[in-house]
């Protein structure tokens, strides 16, 4: 059963690390885009709708990389094929 | 029972590390967006409502990556499927 | 009883590391937001109430990521489910 | 069966790490491109359609590197040829 | 008694590391906020009271993350529940 | 058969790491080029066709380094000569 | 007596590391605040008293994080509860 | 045959790492050159042919360092003299 | 006597590392403050006395963190309580 | 024959690492020089021949450091004196 | 006598590392201060004596942190109390 | 003969690492100098001969540090006194 | 005699590392001071003697930290008290 | 004879590392000084002789730190006192 423990330990550690590291880039990138949008609206209030739309599309695009990480972490915790195979092999 | 100890130790360490690393990016990104919003309001006080709204939407978007980390940490501490499976296997 | 010692050691180390690393991002982010707010008030003293309000909302948002870390550290020290389970298993 | 455990552990760890590291560059790059586009639209609202089109093509190009990472992570989790060969060899 | 030594060693090391790492972010953030406040007072001496008040609230907010670290370090040194449990278990 | 496991483990880890690290540089470089192109189009809308063409050639050139990484990762996963030689030697 | 040696070695190492790392942030932060104050006095000599007062309050605030580190280092060297407990246990 | 496995493992790992690390510098350098060229064309559209020519020569020069890495990775995977010598020595 | 050697080795290493790392922050911080003071005197020669006074107070404040490190290093070399206790215990 | 394997493994790893690390500096340096040249030609089209000549001489000079790395990597792979001596000693 | 060797090895390594790391901060700090002084003299030649005096006091202050390192390194090499105690204990 | 293998392995690894690390600094430094020269020629075409001469002297000076690395790498590969002594001692 | 070898190995490694790391800070600091001096002379040619004098004093001050490193490295190679004591103890 | 091998391996590795790391700082510092000189000559062609003289003195000063590294590397390779002593002791 030691093998199951290794798989479980690695899965827990990887799931946490994935969302943790995966939050750095998107958070900084979204911060930058949001800062630019806010400065742009202050400079050109008339173009606010266009700017907001561009901002939200960009945020969604950037957020997608964070969501990849979240999805992979969820798969690793709740739908981990290696864990299932191992448990089946161990007859649990 | 050594396996349970390994799972527990990894879970504790990962939960702490996840929220710790996961706070760096969002905090910096939100700081940048907030700084931009404050500077923009000072420059264009009339657009304050639009700017605030854009800021809050952006902060919520950025905060979401920190919340992913918090959620994963909470799952690891309080609803850890690997821990449950291990305890069940150990007959505890 | 060696397992209890490992859990205790990891818990202490993780609790300290979590608040330590978790203070870097929020402190820098809040410093940036505060600096922007102070510069903005100096530039546009009439908008001070709006700026202060925006600043405090932003600081609260940024501080939240530090509080996640503090909460997780407190849970790890004072309400650690793995520690309780281990102590129960050890019959202590 | 220890070999299967090693393969599984490495696969889980690599899948998580790949999307995590692979989110840093694209997120920052897209943040930069989006910030530039937003600033440009504010400066030249008439050119918004051209700017948006250029932005979306660029975002797609940058996102492609994140998608390479996501694809490789998915292959590693769900269509891993080494895992299949190992399982076949182990007669599972 | 080796377990008590491990707990003690980890506690000492963690307490020191926590306040040490926990001083970097707040010190830099406070330095930035203070520099902005001083520059702002020089630029707009009439707004000094408002600026000072904003500065002190911000410094208190930033200092709070350093205080979390100090509190956790003090708990680890003087009110460590794991140490108490271990000593009780060792019959000391 | 332990050798096959080592080869498989290294192959999986390397494939993931290659596309992950290989996405950082191109994503940042493309983000920079795209930001410059967008700013340039806003500044000189008449030159948009020339600018777009130059941008796309540059993006293709930069993307090529990411594609080298993707190609090498695919070779390592699906057409790995060392894996084939090892399997042949192991009589699998 | 090996345990006492481990505690002593960790205590010495941690005490030194704590003040060493704990001097980086405050020194840089104070340098930044002092530079701002000096530039501000040169720009607005009439406001020197207000600026000096703000500077000294800020320096005291920043220095406090360095003092936390120094206090913890002193506690670890001269009033280490773990060392005392260990020596009592060892009958020294 | 353990030796062959070591050679194969190192070859796979090195091939991936080489193109991965080797993509960072060229991608950033090409991004910088392309950004400069695009900004220059927007500023001086008449000089576009000269600028494009200079850009393409520079891109080729920078790409050459990435190609060195790709060539070495291909040699390591498909024409590795050490692997051949080892296989000959092992009588495979 | 091996324990005494470990304590001595750690003490020597820590003393050196403490002053070495402890010199980075203060030196950079003082360099920044001094540069600001020199630029300020060149810009406003009449305020030289006030500027010098502010500079010296700031330098003293920053130097204090370096002095903490030097004091701790000296305590570790010449007044190390752990070394004394260990020597007393060893009957030297 | 284990010695030959060690030499081969180190040679492969070093050859890849050498060209990989050796591509970072030159690529960034050439990117900077090329960017400066392109900006300069846009600013002073009449001096294009002189600027191109200076650029190409500089690029050649910078490329030389990358070529040193490529040459050393090629020597390590195809004309490695240590490998030859080892093979001769092993009677291969 | 192995203990003496450990003490000697650690002493040599620490002495070198201390002056090496201890030269980075002061050298950069002094470079910054000197650059500011030179720029200031060029801008305000009449204030050269005041500027030189301020520069030399600052350089002496910054150099002091490098001298701490040099002093500690010299103590470790030529007046190391732990080495003396160890040699006395070893009866050399 | 294991000793010869160690010497050979270290020599190969060091030779590669030396030219690889040794190419970073010079390439960046030369890139900076070349960029400055190109910008200067564009700004002051009449001074091109003086500028070119200064550039080439500087490039030669900077290149010298890369050449030190290349020379040491060549000595290590082709005229390694330790290798010769070892081979003589081994009677090869 | 193994002890002598350890001392010798550590001495060689430390001597090289000391001058290597000890060259980074001073070289960058001197480069900065020299760049400032050259720019200052170009801006204010009449003050060249004063500027040169200030530059040379500053360079000497900065160089002193590099010389500390060189002196310590020379002491470690040619006048190493630990090596002498060890050789005397070994009766060589 | 294993001791000689250790000394030889450390010597080779240290010599390469010393010139490699020792080339980073000087190359960057010289690049900065040269860039400043070239920009200064373009701005003030009449002061070219003074500027060249200052540049060459500065380059020589900066190069000196690289030469320290080269000298130490040459001493380690060709006049290594520890190697000589070891060989004498080994009766070679």
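Just so it is clear, A, B, C, D, E, F, G, H, I, J, K, L, M and N label the chains in written order, and each chain counts residues from 1 on its own.
Here is the rule we use: contacts are C-beta pairs under 8 Å (C-beta built on N, C-alpha and C of every residue); 3 or more make two chains touch, one makes a residue touch a chain.
Chain-to-protein mapping (UniProt): A, B, C, D, E, F, G, H, I, J, K, L, M, N = ATP synthase subunit c.
Predicted model, so just to flag it, every value in this text is computed and none were measured.
Any chain bridging chain E (ATP synthase subunit c) and chain I (ATP synthase subunit c), meaning touching each of them, is among G; the list is complete. The minimum number of touch steps linking chain C (ATP synthase subunit c) to chain J (ATP synthase subunit c) comes to 6. Look at where the CA atoms of chain E (ATP synthase subunit c) average out and do the same for chain M (ATP synthase subunit c): the two points lie 37 Å apart. Averaging C-alpha coordinates per chain places the centre of chain G (ATP synthase subunit c) 30 Å away from that of chain M (ATP synthase subunit c). In whole angstrom, the spacing between the mean C-alpha positions of chain E (ATP synthase subunit c) and chain H (ATP synthase subunit c) is 46. The set of chain I (ATP synthase subunit c) residues that touch two or more partner chains comprises 11, 13, 15, 17, 19-22, 24-26, 28-32, 35-37, 39, 41, 43, 55, 59, 66, 69, 73, 83.
The touch graph of the protein chains shown is a ring with every node of degree two. From chain M (ATP synthase subunit c), with the walk directed at chain N (ATP synthase subunit c), the chains encountered around the ring are M, N, L, J, H, F, D, A, B, C, E, G, I, K.
Chain N (ATP synthase subunit c) makes touch with chain L (ATP synthase subunit c) in their complex at residues 1-2, 4-5, 8-9, 11-13, 15-17, 19-32, 34-39, 41-43, 45, 48, 52, 55-56, 59, 63, 66, 69-70, 73, 77-78, 83, 87, 92. Those residues of chain H (ATP synthase subunit c) whose C-beta lies close enough to touch chain J (ATP synthase subunit c) in the complex are 3, 6-7, 10-11, 13-15, 17-22, 24-26, 28-33, 35-37, 39-41, 43-44, 46-47, 50-51, 54-55, 57-59, 61-62, 64-66, 68-69, 72-73, 75-76, 80-83, 85-86, 89.
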